[in-house]
Amino acid sequence: MDTIGIAMVGYGMIGRVHSLGYRDLPLYYPGQFPAPRLAAVCTSRPETAQAAAQEAGFAAWTSDLNALLALPGVDVVDCCVPNDQHKEVILAAIAAGKHVYCEKPLAMNGAEAREIARAAQVGGVHFGMTFNYRFIPAIMRARQLIESGALGQIYSYHAVFYHSGYQDPNRPLVWRMRRERSGGGALVDLGSHIIDLMRYLLGEYEMVRCVTQTYVKERPVRAGSNQLAPVTVDDAAWLQARHATGAFGTLEVSRYATGTLDDLRFEIFGRHGALRFDLMDPNWLYYYDASRPAEPLGGERGWARLETVQSYPGAASPPARTVLGWTRTHAENQAAFLRAVAAGQEPVPGLIDGLRTQFVLDAAYASAESGEWVTVETE
Amino acid sequence: MDTIGIAMVGYGMIGRVHSLGYRDLPLYYPGQFPAPRLAAVCTSRPETAQAAAQEAGFAAWTSDLNALLALPGVDVVDCCVPNDQHKEVILAAIAAGKHVYCEKPLAMNGAEAREIARAAQVGGVHFGMTFNYRFIPAIMRARQLIESGALGQIYSYHAVFYHSGYQDPNRPLVWRMRRERSGGGALVDLGSHIIDLMRYLLGEYEMVRCVTQTYVKERPVRAGSNQLAPVTVDDAAWLQARHATGAFGTLEVSRYATGTLDDLRFEIFGRHGALRFDLMDPNWLYYYDASRPAEPLGGERGWARLETVQSYPGAASPPARTVLGWTRTHAENQAAFLRAVAAGQEPVPGLIDGLRTQFVLDAAYASAESGEWVTVETE
Amino acid sequence: MDTIGIAMVGYGMIGRVHSLGYRDLPLYYPGQFPAPRLAAVCTSRPETAQAAAQEAGFAAWTSDLNALLALPGVDVVDCCVPNDQHKEVILAAIAAGKHVYCEKPLAMNGAEAREIARAAQVGGVHFGMTFNYRFIPAIMRARQLIESGALGQIYSYHAVFYHSGYQDPNRPLVWRMRRERSGGGALVDLGSHIIDLMRYLLGEYEMVRCVTQTYVKERPVRAGSNQLAPVTVDDAAWLQARHATGAFGTLEVSRYATGTLDDLRFEIFGRHGALRFDLMDPNWLYYYDASRPAEPLGGERGWARLETVQSYPGAASPPARTVLGWTRTHAENQAAFLRAVAAGQEPVPGLIDGLRTQFVLDAAYASAESGEWVTVETE
Amino acid sequence: MDTIGIAMVGYGMIGRVHSLGYRDLPLYYPGQFPAPRLAAVCTSRPETAQAAAQEAGFAAWTSDLNALLALPGVDVVDCCVPNDQHKEVILAAIAAGKHVYCEKPLAMNGAEAREIARAAQVGGVHFGMTFNYRFIPAIMRARQLIESGALGQIYSYHAVFYHSGYQDPNRPLVWRMRRERSGGGALVDLGSHIIDLMRYLLGEYEMVRCVTQTYVKERPVRAGSNQLAPVTVDDAAWLQARHATGAFGTLEVSRYATGTLDDLRFEIFGRHGALRFDLMDPNWLYYYDASRPAEPLGGERGWARLETVQSYPGAASPPARTVLGWTRTHAENQAAFLRAVAAGQEPVPGLIDGLRTQFVLDAAYASAESGEWVTVETE
């Protein structure tokens, strides 16, 4: 396999970001793995497909999914469409024997996700998920430290993903505010990221309890319109979670967190150490080593701001010590996927990660309705 | 009233801190209100009482509460004993017609608190509570901003009070780990502070839901002992709270928050603004004004670190612009109490604040048992 | 002009970074200006040139500068060679009628820079410089604020660019440690950036005074060698500077600043406001508005962390509110250059900026020898 | 010696702060050293002296220095008068056989300081200086680390003490702006602190070079007056310094540093480690240990925020883990002095520290006039 042909389905904001990744990877890791080849792009209309191809350098374009899948040189389908179209696109790709790279969330709910997972297993294709925050060097370091036992027994954690910008009630309804299109609100959009991260770092969830809230119940159907339509998703959600290890966590998401931009943060407390991370200050992992001496005026205890800014191991660019941006984490997620595909291995994050996150979302929404603790499904 | 005679009951760590406040106030506010006079101190044993008097400058000492209350020149009883002795001391003081200044929490539970409140009303004495964090200039400024409407509708908040230091299972049992002495664990000790603060800033609680955890279930009865006794209080607690205004909050306390020292922090999200505070960085209030222009490259939005370090209005010392320490907040709490007593007004924080905090604690513990939302009593 | 053909000379670390920029720009600003076309690359040896072409997607490659300049479709020469080769490459490019985009510093010294400037003026080509830090949104905002008069009279500033990593005396000699190859040490490499930035923000320099230091005077000629050769450049330098406006500044650079990575920071004090910036926390500009009310407990003064993270005006990607990385600033510098070339305008930063920075460097080195204040040349 | 009788001369802002210290010390260190006894206070007028005595609890008061010195029970004279009166007060105290505790600076200049030093030596009294920043736990820890060799060879440092508040040209002239009263401006007032600190941490100065600036040359003689008088001191000063060890430092002071409050900060770079401190964030020492492993994604390097907030060794109050305020550092400076007096030892900081700081100030002012490097006197 000399190059890996990428066929992208959907080319909105996230399609553009994935395209950047494919274009940049050869300069980040020159000669290190089969280069992605931008084979084709498919969007809902011919004119947007053509524009996307021209902009990002795809060799072909179409508005017909089946035509896309029939093109020669397509190895991977990159699924960048809205959530309610995931299942259709992915099942078609699998049926055509294509590997899949899927922007989170995997599907609209656990049932759909399970259907996709079974099809992928039967189809024998490689399946990668975008959970790009796993690829922040600080997060990778956090996982190393936890796996090494540096924190010991995990007592508890607090994790949030806060956005703002929905405060204005005149902001019109978009598909993300309609459950039938998105599968859920802030909990799906933001929550899926921190749910995956805490599972990546701390292991499986056992049960969750959740409260959700919708602050603005109706919005204009379009900008300036007097016609209102109901918002059918959550604007904010608060979870309590128990993990299989006994760790207890609280997770919060909101689109009404005034003063935040892209505030994914967590704090993890263990018997022998603790960790802190903040996506708005992403170049560092804060680590507290409680095994260091603590006596007054000779002590060495304190939060260390670990230098995880130093680029990725083996990367030729950007130069070490320069700060990294958000798009770089997508490229690294894609690199991990392409390496796995080239090596014939299961990509990580992959199907199981998409599936399990979906099960936690299902349990959270069920709890928000019942007011009870809900056990998280496992398969 | 030229001076106000203080009789302190109990002289442990907190008695010493209150004493510092009484000694310092005349230099903070020279000539501004009736100076506290250290009339007498009462502890459980004559020798500790005498040592306390000598150290802090009390004019008299005794180990007999009734003797203390019979001394001439005692205007105020400052209650610094462990929680399970509050009721007895306070009721005796009220019966003797003394004003009371009480270290939090008011009592062991809501029932005791209610009994105290009725006695104080009948007795007609002034009653002040120590909720010293209300007197951090940054918190005072937060209250000003919220009252001015700068934040608009409050959507949600997150507040924590994290300590560490209980991780070692060989740390022996102390009275704070026995419910019959303390009334509760981290939730009482740390939680009462943030429960009061959020009420001070955001108004009354309507209902709460709570999970508690005890990590180390048995501990040595004393240092080095092989004999273990059960820990009967919570090590950590996680609350969800609904306020009367509709604001939703999450509150967390822990004595197992590795890497923390005295980490009282909160973040409040409102329609038009937001606030952040951190007790380990106490000289600033972080304020986000969402009404400022936001357009790219001309914007003025961003968290402002308000200069609340500038001492207290009217204070002669320390000089403005120098940072303040934790003990200063106690002195300021005492100043507010003494000013109220001298003016014949109800001290704030006072009985109602002690009482309401106790009701939230009761509701939280009830919820931790039942797993349900529990409505907070109001009187 | 539909596309702009780029011929790159030199393809080391910085050539790769410039290539990333050219590849990414069409997705940052789709359809907004003539797209860069990677026409050809020239390095010292055929095999490295071929590898560079393959990696970055240049259409042609060569190790012969004249052959490169003779290729059809070359509009711009991007100069990415070491400092001592700048003059030769640039003069040849100008002679061939090519526009030039030059990585800083412009040349080895002021005399060379002046020669280049004259040739460019005679040749009538557009000349752009890489001073990529000008393109950090926070710096762009700083310039806006200063130009708007928000700071008033500038009293003084402090600016540093600290690196580390030279502490080990066994680190072998490289071209950056030899004056005849580099034109100078830390002052040239790091200093040129902050010298340009302070000129960009605060106007022309009038005179400077400088101390330089070389900590390790001899180093192995190559890794592991016993043969030592002299280090002929500065490891650190400390400048005092007077600007034409009367502002006084101190500038510091070091490659021995233990604990730093890419620490470009400054603090500017004006009559009515102040600014702070730190490249290791690059997504914010810290701004202090001294015109806001300051009275105790009603004050609004304090450092505001302006949200300059919100991407570039008009940029389609990355999405607003996500943090940006270091390479993005290079792409933006290239975008400004390409826009100017397409519009037939003088690029900014351009020749004058390269030239003036060189004059400050000359004056600083002269002062380091004489111990006196040295007036900065202006043309 | 059961108690140590304190006679304070001068009771302005700093006299009040020293008084707080004497009053608080018995509760910080119960029973640990001879308690200070507030014997008498002397100010320029009887009525202010009486008010001071009443406020702070001095047993006696007078406006006659000789009367003060003749009082029984006076062991120590605490010199809190303006700089130009230091010599007279101190020489009288020494002549009367009293120990001296002197607020910085020691005198108006090196000549006066030398005269005082000789008199103290002849008189055989103990002499303590107030350099209270030495007693911030973070600074004490910095000294420990440097003395332990943790930083290795010191390359360079940058230290500042920034104030603001003089920007308004209508602010009237005070004694601090008149050289004949103060001995100098920002350099004396703020500079003496960082000059002492860098000497305390890094050893003796060898030579300095200095630039000073006066921004507002004339000011109203009193608030609202049209009559202007010249400002005869520096508003800001920039030093370059070489220490005997070869370390090179830059020191900056300003009263026009907009946006600062009490910003004493430094950053020290050594071969094996580095330190940072900021007085506005005084509860931590930032320490970088370059001996820790640095490889990507397994590294442990990074700035550690050492927990120096944990109160003072042996202190009974405030409780460990609570943040300390500025006045506490004065109390600790006084404690060190009183312990030395009680033990019959030379107080540290003492005469030599006052003297050497004065010599650096002299050299800096000489350099500001000559433009040359000036060697610092040593005795």
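Should a chain be cited, it is by its letter among A, B, C and D, assigned in written order, with residues numbered from 1 in that chain.
Throughout what follows, a contact is a pair of C-beta atoms (placed from the backbone, for glycine too) under 8 Å apart; a residue touches a chain by one contact, two chains touch by 3 or more.
These figures come from a predicted structure and were not determined experimentally.
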Would you mind naming the chains that touch chain A and likewise touch chain D?
-> B, C
So which has more C-beta pairs touching, B-C or B-D?
-> B-D
Which chain lies the greatest distance away from chain B when centres are computed from Cα atoms alone?
-> C
Intercentroid distance (Cα basis), chain D paired with chain C, Å | 42
For the pair chain B and chain D, the C-alpha centroid-to-centroid distance in angstrom is 35
Distance between chain centroids, defined by C-alpha means - chain B, chain C (Å) | 54
In chain C, what residues contact two or more other chains?
-> 303, 307, 310
Of all residues in chain D, those that touch chain C in their complex | 151, 155-156, 158, 160, 164, 167, 211, 213, 215, 236, 238, 240, 248, 250, 252, 254, 256-260, 269-274, 276, 288, 290, 303, 371-373
Any idea which chain C residues touch chain B in the complex?
-> 137, 140-141, 144, 284, 287, 294, 296-308, 310-313, 320
Contacting residues of chain C [partner chain A, same complex] = 13, 16-17, 19-20, 23-24, 26-27, 30-31, 51, 55-57, 163, 261-262, 279-283, 307, 309-310, 316-319, 321-328
